[in-house]
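Structure first, then comments.
Order as written gives the chain letters A, B, C and D; numbering starts at 1 within each chain.
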Amino acid sequence: MAFTTSILVRFGDLDAAGIAYYPNLVNFLHEAFEDFFAGHVGRPYPEVYREGVGFPTVKVEMEFLSPVRYGDRVQVGLTVERVGNSSVQIRYAGSVDGRAVFTARNVAVVVDMKTFRPTPLPAWLRERFEAAMDGE
Amino acid sequence: MAFTTSILVRFGDLDAAGIAYYPNLVNFLHEAFEDFFAGHVGRPYPEVYREGVGFPTVKVEMEFLSPVRYGDRVQVGLTVERVGNSSVQIRYAGSVDGRAVFTARNVAVVVDMKTFRPTPLPAWLRERFEAAMDGE
Amino acid sequence: MAFTTSILVRFGDLDAAGIAYYPNLVNFLHEAFEDFFAGHVGRPYPEVYREGVGFPTVKVEMEFLSPVRYGDRVQVGLTVERVGNSSVQIRYAGSVDGRAVFTARNVAVVVDMKTFRPTPLPAWLRERFEAAMDGE
Amino acid sequence: MAFTTSILVRFGDLDAAGIAYYPNLVNFLHEAFEDFFAGHVGRPYPEVYREGVGFPTVKVEMEFLSPVRYGDRVQVGLTVERVGNSSVQIRYAGSVDGRAVFTARNVAVVVDMKTFRPTPLPAWLRERFEAAMDGE
């Protein structure tokens, strides 16, 4: 994957079976997306968001391959699969100590947060997203 | 859809854009699944769960068609698409005042909560799930 | 209590011990506050919020008296204890089948959501909050 | 404070006003408690929890002094105020870039997770908790 981050499973992520509740693992995708900005794009996502560029999800697919437990450090890898004019498609893969725990794909639209309407991905962001595509 | 329930969008469901944060809408799927037990299956899910039958999600796909706002009552329809030996596949469709806001598909495995291993869907549950398939 | 509502404990509210995780019970206070608007104040809180009046919490105290379990319907009673110029203090009491499960007190400031600064509680809201004080 | 950790404010922590929703800041207390185990007690809380010692909260008090925003790194300080036979009282203070954002006090009971009944704090834990009291 083009970028990898690590997310610690907290008590608040667990369900009654003692494993991470799956909507909380969906939230991990967003946390990895945020870390991708800080670690790869070069500017924290909160800054970009405050300046008016948002990435609301329009589609998510996620497979849960193995239980994620309390205290696990999930390595989340991220690869940009497609950069459209005003959308991005990202693939995620989560693992714990080398054991695959989930794979996911997320499609987000780029929006102007003032209008919440699609807007072209700014050139500097496009460059950074494209640099996170496989084969780059 | 075979079964429909209504879920109110709470303040805690919102994100900084003032719309429902998408992992919280994923959680709505589980809430609709719970309501399906109370309203269609005929026994509350918490009872079934406590007796040792769980339905951990192994796959979810969800499309977000239109923003869901604070105070919206999301009508969530649910149809059983497939009942396997120890898995179920369910389609969900959410709408607000007739406007489609999401569609989703969830595949869950039936597990014995003592071992967290797949177990055949009990016959009485199979009958109720099959009664919620389209065309039944 | 001046107003009572009922909140169902969902799977997503649970922790690894199979009981409601306490920050989620703190969230129940806000849900009861929202229901208080719909059921007592006479206008849904989302409407009031969108028109620019918010009630951010500045202080919360909460005691957890007994575990809250999956599928419990928590009866949450609410009494207004104090209505200041631009603040309100509310007492909450939660019970399940007559068994007390929590008590809480919340102090919120009334703010203009455009500026996020304190603003006097509008007269029509003051009247409705005061009508929910004990002894009224 | 005896121990300090840093917690990043994520998109999922925000409310519609664009600040951290207060029940999510209550959850920060638990995350700081977990970090206290890893960073001060000397064993990760998930391990201790799995071996059967839990710390369910029986009381929390929290004051919110200043808004917490997206991307803030909240420094959470923790001091043990009291170690009882089977309970602990902990004070927390949160700040962002030196600006105080919350203070809190949490009382937790020590329980045997098999029975969910109070149990004496194990001696090795008592020693570590006492070492995090002011003036030690």
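The rule is simple: contacts are C-beta pairs under 8 Å (C-beta built on N, C-alpha and C of every residue); 3 or more make two chains touch, one makes a residue touch a chain.
In this text, all values refer to a predicted model and were calculated from it rather than measured experimentally.
Taking each chain's centre as the mean of its CA atoms, D is the chain most distant from subunit B.
With centres set at the average Cα position, the gap from subunit C to subunit D is 24 Å.
In terms of their C-alpha centroids, the spacing between subunit A and subunit D amounts to 28 Å. Listed for subunit C are residues 11-12, 16, 23, 27, 30, 49, 70, each touching two or more other chains.
Shown here, the protein chains touch in all possible pairs. Those residues of subunit C that touch subunit A in the complex are listed here as 11-12, 14-16, 18, 21, 23, 70.
On the subunit B side of its complex with subunit A, the touching residues are 16-17, 19, 22-24, 26-27, 30, 49, 54, 56-65, 67, 113, 116.
Subunit B makes touch with subunit C in their complex at residues 10-12, 27, 30-31, 34, 44-47, 49-50, 69-71.
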